[in-house]
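Chain lettering (A, B, C and D) follows the sequence in which the chains are written, and residue indices restart at 1 in each chain.
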Amino acid sequence: MNAMFTTAQWLALSPILIVSATIVGAMIAVAFRRHHWWNATLVAVGLNLALLAATWLVLPLLVDGLPVAWQAPLHALLGPSPLPQFVTPLLVIDSYAAFYMGLVLAAALATATLSYAYMEGHKGNQEEVYLLLALSTLGGLVVVCSRHFAAFFIGLELLSIPLYGMVGYLVRERRSLEASVKYLVLSAVASAFILFGMALIYSQTGTLLFAEIGARAAAVAGAGQTILLVGGGLLLAGIAFKLSLAPFHLWTPDVYEGAPAPVTAYLATASKTAVFALLLRYYVEARGYDHRALIDVLSAIAILSIVIGNVLALLQDNLKRLLAYSSIAHFGYVLVAFIAAGPLAVEAVGVYLLTYVVTTLAAFGVVTMMSSPYRDHDADTLWDYRGLFWRRPYLTAILTVALLSLAGIPLTAGFIGKFYAVAAGVDKNLWLLLAVLVLGSAIGLYYYLRAMVQLYLRAPWVRRYAAPLNWARGTGGIMLLALMLLMLWLGVYPTPFIAVVQAAVLGGQ
Amino acid sequence: MYDLLYLVFAFPLAGFLVLAFARGRVGERLAAAIGVGSVGLSALLTAALAGQFLSHPPAGGAYTQTLWHWMSAGAFDVRFALRLDGLSLSMMGVITGVGFLIHLFAAWYMRGDEGYARFFSYMNLFVASMLFLVLGDSLLFLYLGWEGVGLCSYLLIGFWYKDPANGAAARKAFVVTRVGDTLFAIGLFLLFHSLGTLDIQQALSLAPQQFAPGSPTVTLITLLLLGGAVGKSAQLPLQTWLPDAMAGPTPVSALIHAATMVTAGVYLVARTHTLYELAPFSLHLVGGVGAVTLLLAGFSALVQTDIKRVLAYSTMSQIGYMFLAEGAGAFQPAIFHLMTHAFFKALLFLAAGAVILACHHEQDIFKMGGLRKKLPLAYACFLVGGGALAAFPYLTAGFYSKDEILWQAYASGHIGLFWAGLFGAFLTSIYTFRLIFIVFHGEYRGHGEVHAGHGLAYGLPLVVLLILSTFVGGMIHQPLSGVLPANPAEEGGALQQQVAALSGAVAIAGIALAGALFLGERRFVARLAQSAPGRWLSRWWFAAFGFDWLYDRLFVRPFLYVTRVNAADVFDLAVAGIATGLRALYRGSVRSENGRLRWYAASMAAGAVLVIAAVIYL
Amino acid sequence: MTEATTLPLEHALILSGILFALGLLGILARRNVLFVLMSIEIMMNAAALAFVAAGSRWHAADGQILFILILTLAASEASVGLALVLQIYRRFGTLDTDAAGELKG
Amino acid sequence: MEFAFDLSAAVAVIATLLAISSLDPVHALLYLIVSLLAVAMVFFAIGAPFAGILEVIVYAGAIMVLFVFVVMMLNLGRAAVEQERRWLTPRVWAGPAVLALVLLAELLHVLGRMPAAAGIGEGTIGARAVGAALFGPYLLAVELGSMLLLAALVAAFHLGRNE
């Protein structure tokens, strides 16, 4: 075994290895003795270590952005970055992969924290959720560094299958089960589309490596090109499902609503981010941008997603469903940046996803904190949030900033992301898409503000309600406050984050 | 040393945040310590920076501190930067120095008020915004500060929000200045459109290459900027909000509506002087606006009965002097007068606040009287401050600055402006001493015991401002020469002596006339006021020439009429139509979310079929 | 089977296409979750067949490797799906997918 | 060989059609197993014997048995068949059939025009070649496959429990 990999490769693989070790450790721990706090902490520590490892990988690349005086000693301290590393034909770990690994791991960590607060009130087995979370995270890590259809597909499934278990985690809840079965069936259909598409592409190019596909696709003759395109189209349809892009979006609100709130947070952030990162890498390396027809299809999907997502959210009275619809629209926006192509587009996608993850985690985090004390189902109707300001001012502040950020108000994170998407679009003169983006944002403002107003209305029956502040809610609360500060920080002083995103370049060929 | 510049506005900002997040749960002492202390720290830091600036001036006469690049995507690059030069240093001195004294006074004035901490949080936010306004290196950030001070002004005018009249006054101030702000914003867009930058220094250096002198574009831009300036500085025709703004607590009137915010227009014109020099018409208009405003406000001040409204009109009139000076090309005297005015007007307002509290919140001057023995400190303040306002020769700060303005107007050939200024000075000394004589001389006509304030927070600000309002303040030299253009006329010479003598004589004559009219029995004034033209004139002047009435007829009522008539017009229908259409779209599309698994799967299959069809046939 | 003669690739792909469409039909037409899961297996199997056929065209083991991975996926999918079927039968008392329609709107 | 392929293909299609249209789950499973065995035959025909063996052992042998096991646990009787009969009306399957047919038509349209040069089944890729690839370049995929099975195990364990 040892002979297969060099030290640098082991190093580059370290986040994946650490998460795998965590999974094994957690499983043994659960088998040995069930203890909520211990298991949660074990997984959280593992994810933290993996996050540190991912950060460590890119750190040397960030030194050049620092003041000149610091550069030499830091370079001496850190040594050269081991990136990019090609590990077997399946994986490449470049700074792009490391950045998205960090994002996925951070989202998973936030989910773990929220889950702990949430599961305290759960009367079944509480421990498996961390195991499933770690497994799904492992899938996310594989997805963002895959450069081969095998890794693409197995990573995607490893990302999804634990999610079936997480979505249906509250097995006594009909809504949770319903969401799980919907997600399972539809996700499997999407997987079948992806697999069939891959098979068609493979049948014409004879390779499963992204870069090789790009190189050989041009040489495929006549009718073979059409098969390639059909394969690409099927692949795209499956991926569009995972990203809940229209018209493959119908599952999104149902699953978001039925799943436990922390799982929804994970589903909306880590899972989608990883898949989008994969899609971008695939399109760049396999030269998907060369196929005009695929880009046109993507444009149509983007327009449809923005319009449908925003329209469906318009009069929605359920906060989880509202956020689901808004996420459909948001992935439409980021698709605009995606379609623009080029280095600025890669940067714009990175910035957008970063701001989106932070904001969405905060929003669903508030839903989680509101929900955990209830036993029956999550606090998700807007009515539950009416007059929240008078009961829970801090949660209200966090949710307010999150909604403003989702709406893209300046000085919040969302504005920076949207600004980048627009800048990327302007750069390539995508006027139609930009017009739809602006229109969609205008509609979006309406429902975000509509939800926000509810927070400050005085409910006729002010429920004097305050949850007991124990350690679990404490960590969740601190994490949410940190997210709020991060949203503001990103909005006011995004430069360091942008520097990180700029360092995340695709290095695999 | 210079790299601490950002702390100057960071302190008050931190004070605001702490007080705001404490949500009224801090006691008065702590709130005062935070609110006053933060501004005090800024003032100390400003003093240190000024010392450094004067002893070791930075290269090029200006220091720029880039705090951070906000973002740079493609060609778009925005940075947060502060610029310290002679002009911003002068403004900073006024804002933090006078601001600190007023905060200190307010700690005494506001005691017992239930919104004590809220008051200081707003005040701190105001100071931070105002500093941002004068330190911002880009017009964008200047605009941000501009809106920030407007917001604070609104919040503080309506501070006692339980009285609906105060809310109405706040709204009026907000709406009227909004008109100017809108013009200002359009001007900024136009400037950005033609120069491609909002960086002040870059814009000023590009402008002469880009615009021919007197070209329509630069004239339009400067006129739009002037629109913002007259709105903020309460000059004609957007002056009507300032007297009503006196509804706020008196320290607010002193800080925002006398010493700092209302002079932002003067600052803006001085900051963009290069543009105005390219647009002579606009510059003339600046002077004209100033001259007309100072006269109209002077007449109105003559007949007011509310102590704060007299001072409000005098503020309008004094800012008129600053505009007049800028119109004559004398930017340095304008800023000089801005500073001395801040000293003596803050002094007068604080002293007026002391009088008002002593008389149990009485503001009508005819219900006061004979207060000189009971409130000796306030009397002294009014004498010195009023003297400075009337430009009493040689002893007061106001004389030095106003005389400089008059001399520059005269010597640069703006004879009309000169005579207007001179006549205005005459009016000023009459109404100022009318106020003093009515309030402090004669018999006490009010109700209840008069009780003077005491304590350090009460006495110290008054005494310091009193000293600064004498010739001491006139001796302060502002390092403006590198930033603003040289004065149009030479200093010194016999002619200037004569002009100084003339203006001094006018001031003394005005005081003498006021003494004759208002000291002792006021039979002559009473007879004059009873006569038919006198009644008419005083009513007209009292209503400030009926601008409120006029605007009400010209804008407010027609607007309300139009809105009433148009309640269901085409525009409305179009807007409502969009809403209805979106709703219908929502109702239609939400049916797709019917919760049925097979339907969802079918939608995916249909999507895939469509995608394949598209890639085959496109 | 060692002396295999040449077959056109499109025959195998067409076969997998037919199976794929049949699987899709099953998912869309059947209301019983059990049949839906079976149909998913059919679709997976169709994709696997396409991979093996394509691998055979390029004389590479890649196609069969992917087949094995799909087999893994099919097993995972089936086990989770069937566990869910048991739980649904327990909670809802029916396997009708239309009965589970609380989430909508 | 061509004959073997065509025969197995026909069996596979017919058996699949019967599987998705059958009313009794047990019958459907049996048809499905037939279809899988036919596909295994296809694998042998196109020179992938290892895949064929796995198809028989894992797919038809293990996964389908899992299905049978669950069907037995649920103990669906006559009533279930009756219910299926009521559900499976032309109104229900006509729409899906059109959709599936359109998809099929598109696929046939594209696949039918494939360049004729491509042939399959010339040689055999046996277990040795597959194994070498599996534990060579695809080593990580195998490891990840084990994680996938673990995930399925944990999820199925949790979801299937009778709390």
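The rule is short, and it goes like this: contacts are C-beta pairs under 8 Å (C-beta built on N, C-alpha and C of every residue); 3 or more make two chains touch, one makes a residue touch a chain.
Model, not experiment: these values are computed from the prediction.
Chain nearest the geometric middle of the protein is A, using mean C-alpha positions. Taking the mean of the C-alpha atoms as each chain's centre, subunit A and subunit B sit 49 Å apart.
The mean-CA centres of subunit A and subunit C are about 27 angstrom from one another, to the nearest whole unit.
Centre to centre, using the average C-alpha position, subunit B and subunit D are separated by 79 Å. A separation of 5 Å divides the Cα centre of subunit C from that of subunit D. Across the assembly, subunit D contributes residues 95-96, 99-100, 103, 106-107, 110-111, 114, 118, 138, 141, 145, 148, 151-152, 155-157, 159, 161 that each touch 2 or more other chains.
Among the residues of subunit B, those in touch with two or more other chains are 590, 593, 595, 597-598, 601-602, 605-606, 608, 612, 616.
Touching of two or more other chains is recorded for residues 150, 154, 157, 161, 164-165, 168, 171-172, 180-182, 185, 189, 203, 226, 230, 253-254 of subunit A. Chain contacts here are complete: no pair of chains fails to touch. The part of subunit A that touches subunit C in the complex is made up of residues 149-150, 153-154, 157, 161, 164-165, 168, 171-172, 174-175, 177-182, 184-185, 188-189, 191-192, 195-196, 198-200, 202-203, 206-208, 253-255, 257-258, 316, 318, 321.
Those residues of subunit C lying in contact with subunit B across their complex are 24, 27-29, 31, 36, 97-98, 100-105. Those residues of subunit B that touch subunit C in the complex are listed here as 590, 593-598, 601-602, 605.
The touching residues of subunit B, counted against subunit D in their complex, run 598, 602, 605-606, 608-609, 612-613, 616.
Contact residues on subunit D toward subunit C in their complex (touch as defined above): 1-2, 5-6, 9, 12-13, 16-17, 19-20, 25, 28-29, 32, 35-36, 39, 42-51, 54, 58-59, 62-63, 66-67, 70-71, 73-74, 80, 84, 87-88, 92-93, 95-97, 99-101, 103-104, 107-108, 111-112, 114, 116, 118-125, 129-130, 132-134, 138, 141, 145, 148-149, 151-153, 155-157, 159-162.
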